[in-house]
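See structure below.
We call the chains A, B, C and D, going by the order they appear; numbering starts again at 1 in every chain.
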Amino acid sequence: MIIVMKKDVSQKNLDHVVDIIEKKGLQAHVSKGTEKTIVGVIGDEARLEKEIILGLDFVEKVMPIQKPYKRVGREVHPDNTIVKVKGVEFGGNDIVMIAGPCSCESEEQMFTIATALKKMGVKVFRSSAYKPRTSPYAFQGLGVKGLKIIQKVGRELDLVTETEVMDPRNVEVVAKHVDMLRVGARNTQNFDLLKEVGKVDKPVILKNGVSTTVDEWLFAAEYIMNEGNNNVILCERGIRTFEPLTRNTLNLSVIPLVKSLTHLPVIVDPCHAAGKRGPIPALSKASIAVGADGLMIEVHNDPENALSDQAQQLRIPEFEKLYAELKLVAQAVGRKLV
Amino acid sequence: MIIVMKKDVSQKNLDHVVDIIEKKGLQAHVSKGTEKTIVGVIGDEARLEKEIILGLDFVEKVMPIQKPYKRVGREVHPDNTIVKVKGVEFGGNDIVMIAGPCSCESEEQMFTIATALKKMGVKVFRSSAYKPRTSPYAFQGLGVKGLKIIQKVGRELDLVTETEVMDPRNVEVVAKHVDMLRVGARNTQNFDLLKEVGKVDKPVILKNGVSTTVDEWLFAAEYIMNEGNNNVILCERGIRTFEPLTRNTLNLSVIPLVKSLTHLPVIVDPCHAAGKRGPIPALSKASIAVGADGLMIEVHNDPENALSDQAQQLRIPEFEKLYAELKLVAQAVGRKLV
Amino acid sequence: MIIVMKKDVSQKNLDHVVDIIEKKGLQAHVSKGTEKTIVGVIGDEARLEKEIILGLDFVEKVMPIQKPYKRVGREVHPDNTIVKVKGVEFGGNDIVMIAGPCSCESEEQMFTIATALKKMGVKVFRSSAYKPRTSPYAFQGLGVKGLKIIQKVGRELDLVTETEVMDPRNVEVVAKHVDMLRVGARNTQNFDLLKEVGKVDKPVILKNGVSTTVDEWLFAAEYIMNEGNNNVILCERGIRTFEPLTRNTLNLSVIPLVKSLTHLPVIVDPCHAAGKRGPIPALSKASIAVGADGLMIEVHNDPENALSDQAQQLRIPEFEKLYAELKLVAQAVGRKLV
Amino acid sequence: MIIVMKKDVSQKNLDHVVDIIEKKGLQAHVSKGTEKTIVGVIGDEARLEKEIILGLDFVEKVMPIQKPYKRVGREVHPDNTIVKVKGVEFGGNDIVMIAGPCSCESEEQMFTIATALKKMGVKVFRSSAYKPRTSPYAFQGLGVKGLKIIQKVGRELDLVTETEVMDPRNVEVVAKHVDMLRVGARNTQNFDLLKEVGKVDKPVILKNGVSTTVDEWLFAAEYIMNEGNNNVILCERGIRTFEPLTRNTLNLSVIPLVKSLTHLPVIVDPCHAAGKRGPIPALSKASIAVGADGLMIEVHNDPENALSDQAQQLRIPEFEKLYAELKLVAQAVGRKLV
């Protein structure tokens, strides 16, 4: 940590800062430059909260040097983490396709879609039984009834299943029925939920919030890992920008950045950012080209009559065509889409 | 709802749209202009989800006409809602000062601060027992022990108390100990939490998320009201922008906008956006001038040694000076600061 | 244009709106719904400025239906525009590589880089003689001396040349020396400059501003085309978001959106958004996969000693490796990188 | 400047950094911590461009310590600058009201408005003869004819006049006809224009761009001052955020921040951010309360028939009422509105 003092700081105030630092078991190194006096902090800066120093009236700014997280960073864990679930590997050379409807609506709908995807070779099946909806009047999901359908589909068709969990009270029941848990964009900083999914022994797909910074997103993963669950997969799903013509801006440029900072796998959900079917193929190709370890794509047998996300779920034949095209892009960057 | 069709839409597709609309019990009004064909939907558009129409390939755009919320809007409830709690009124001519430390740290700290504030005339006392922290390694609050201290302070000094609730599992215990509940910026769209605080008969202070739109914020209030709790107070706490020199941008211009859309009281928390003590006086004055119905300000007897928000809590004498200055601004706009 | 009136609008005010519309030679269509009264405007809505209606106190909102630009839109010109310059085609099946140093620094530097690029097959050579710099104390470019070097390189090595123009007073001299003009991100809405480059008969590469909306960007192209120059190539160069860890966010998801709205070619500059060498290869691959018609990449023989953009210019061997990899991605999406 | 090296940096690379620093005439101070090696740069860091160091592959990050501007900063000029023009003072205890129509439309319109404002006591009269318009088909201003009207109004009514200049070629003619020049939001980083207005001996009102950072805005002022013109007045006019319900977000929280960094006067234009008449009174009051040194407000005798900004120009009686209310707010914060 580097502390820049305001111009003409007194010796007494300088001593005060040094004192705070040393009481935390750290060393202070004072350096008086031509224009500014700065204090360098030597040791584990996690022991000293930035705000303590920033609150001093004679301090101009405080600049952390060390990465604040311990478990998610490449510094402590340089090699990629491979998250394995029933033979599928996230974070290795394979790029994993996750596909399925937005919502679990009925057993018939689920089996129709899952059977078609299974036939194409898709290994991981998505669908939601709990739905975070902006409006309280929108469809809120089938709940436990939906979880049972998801479990049945997974067992009968031998598919890896995943679903969203929103409420800490539901983590246990969700984990009993599916293979992977998903934390959505509105819950990236729902810390009580993160702690609960951290206690479960199933992989967690953690989406970014629409305006979480990369550091906040990584800290959310740290919350999960801090409880003992190391199988976290990050999922970019778009950010909020000033552009009115799209729902969100899919942040593809965050992928190389995040992969340089963390050893965790990073996948992309192009559908929620797009909000419409049209751009999904182009965004999916770009996700693979930019280095994502997987894709999550919404597919429905009858999107016009779906109970949610009607505009952004691909029809089954549209998905089949895209899946084939994506395999070529994966090859072109030396990877394999499964 | 106005539906704009893509150029050269076929009659068959146009009929399909009309059919969807009529099946929802609504009327469709087709209008062929010189360049575009548009379809107007007549009736309660809440019955027809925008995405259903947007998902049709021959539709260019869909523009809602009606406000999507029912309970928070001025259209159904033109007069200001006054939220009353133990003789304090939010939303009337009074501007209510809420002050107190960031965190409840100890009985001694709490009584020291509360006694000083009480003496100045402050009626509502803030403090947190549960803390949402970006890092899992930061102070997480005293929990139930803190709630008991808050309750004791409130009773002994006859102050209205409020505190944050983050986890739906804690709503009941929090509501037992304090007079008002607070939902923080990271939980604005934690829908399960909103539903729980909606079932309680205590007022709820609902902050905006750092990037929630006004519609999303109002919908969050709608979630609470939809469960039967009409005593919602909105609290602006800053938004995320591109500027690196401040933590957040306090969005004072949202106050007249929100007050034009909703009958609920709207207050301002200038501290979390500022992140530093310096700008808080100016931002507080502006909050009153722009039309806020209250202020929430962090005050601490010893901020340098506080366990959180060390840089942004005013010292007691600083607050006392500001409180006096703010009364003058309130007078200048024809209101009274209590 | 759809005009939504405030609740309980009087007949007199409704008549006033109709009167305004009809005086502009347009037709008004009044529709009284269950909750709102709306007025539809039939005819060319470009005749009626949105603000005129929005300024009326009894109007709630105004929603345009027609696209406001005339020349850039696909509606009037459905097929792709191919911009041709000395045998190179932008906007067709080819993806065009534009490469070269940030700044034109000296004849030697320019020939070293250009010769290496020419040998690899690059056809379009970039470099700047006028530099927009945030600080007045940074290197401002060689000016006319630089233009002469660019011209010499282009002639001797038979390369298409392009360079930035910032000042309307320099458009003529720039156009005399190079094959293509470039308008940078800070000048996207420098309307006097746009008008000048619109009078020239050389293609113009028009970057988005870091926070221009898509409509503003397309209108900037419309300014150029309105003066008679139809050879406009749009270039995405990153947008400003809330993330502090990257300079800008390369907005790859804007490419399919923009290509759906306009017939003009769209290319990507991944370097200025990245601000660092590291992510440029991944972003370049993604640019091709997402559908860009070209790339602009900064390449330098000695970036450590360059006079600008030292951190984001690729070294010559780095570029050579990337160029080969990009050709594979282009093939995978059925196109050819030249 | 503090340079943080990547983990396990070699001695050779460390020496290379030190060498670069020393060749610039600066001193390097290497400090090996428990986790990171950092290099402190001692001396005037303006001599060393951040990008040169950031471009080195073994460098993790570069953190400037000194403020990069020389003339605009409070560090070199701690006292407020007072900009004086014909007896009006910006930056002292007075808060200066600038009012007038968006566009100069005709002699009659201008005299009608100016006469009314003069009578109320307004001293500075605004209006535009050159209009930056998103669309090339919108009213572009009266040009020189407008300048002559502005000059006539100023002379006959003894008002200080100001107007926008957009094109470096027009700076001379504008400066001949008016008392103060205005640089608008789209030209904040039009460096050639800034240099031209820097050569003139009339005060310049410099608006922020809708997404310029504070540092970029201050650097724009530095460009002007670097040419010799020290009479720069900063004007906040709103920033671009994610909120679709307002045109821009008036950034009132930037005022205390900017005033802490620079000695220049800072005023607020609430009209362009609002885009509508409704919120202008509240925003104006807040501007004064937050510490602005002046206000710029659009006033028109017949806004419905204005040629631009029809929705956001106050009617004359509306302005008169507001002007009186604002004087009370100014008093409440110990200042005087003129």
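The working rule: a residue touches a chain if its C-beta (ideal position, glycine included) is under 8 Å from a C-beta of that chain, and two chains touch if they have at least 3 such contacts.
Keep in mind the model is a prediction, meaning the values are calculated, not measured.
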| item | value |
| --- | --- |
| Chain whose mean Cα position lies farthest from subunit A | D |
| Between subunit C and subunit B, distance of the C-alpha-averaged centres to the nearest whole Å | 39 |
| Whole-Å separation of chain centres (CA-atom averages), subunit B against subunit D | 31 |
| Centroid spacing, where centroids are CA-atom means, of subunit C and subunit D in whole angstrom | 26 |
| Multi-partner residues of subunit B (at least 2 other chains) | 211, 215, 240-242, 244 |
| Chain contact graph, described as a line, ring, star, complete graph or other shape | complete |
| Subunit D residues within the subunit A interface of the complex | 2, 4, 7, 29, 31, 33-36, 38, 40, 42-44, 63, 65-66, 75, 211, 240-242, 244 |
| Residues on subunit A engaged by subunit C in the complex (per definition of touch) | 211, 213-215, 238-239, 241-246, 249-257, 260, 273-274, 278-279, 282-283, 285-291, 325, 328-329, 331-333 |
| Interface residues, subunit D side, partner subunit C - complex | 46, 49, 51-52, 54-57, 68-70, 132-138, 166-169, 186-187, 189-192, 209-211, 215-216, 219, 222-223, 226, 240, 275-277, 303-304, 308-313 |
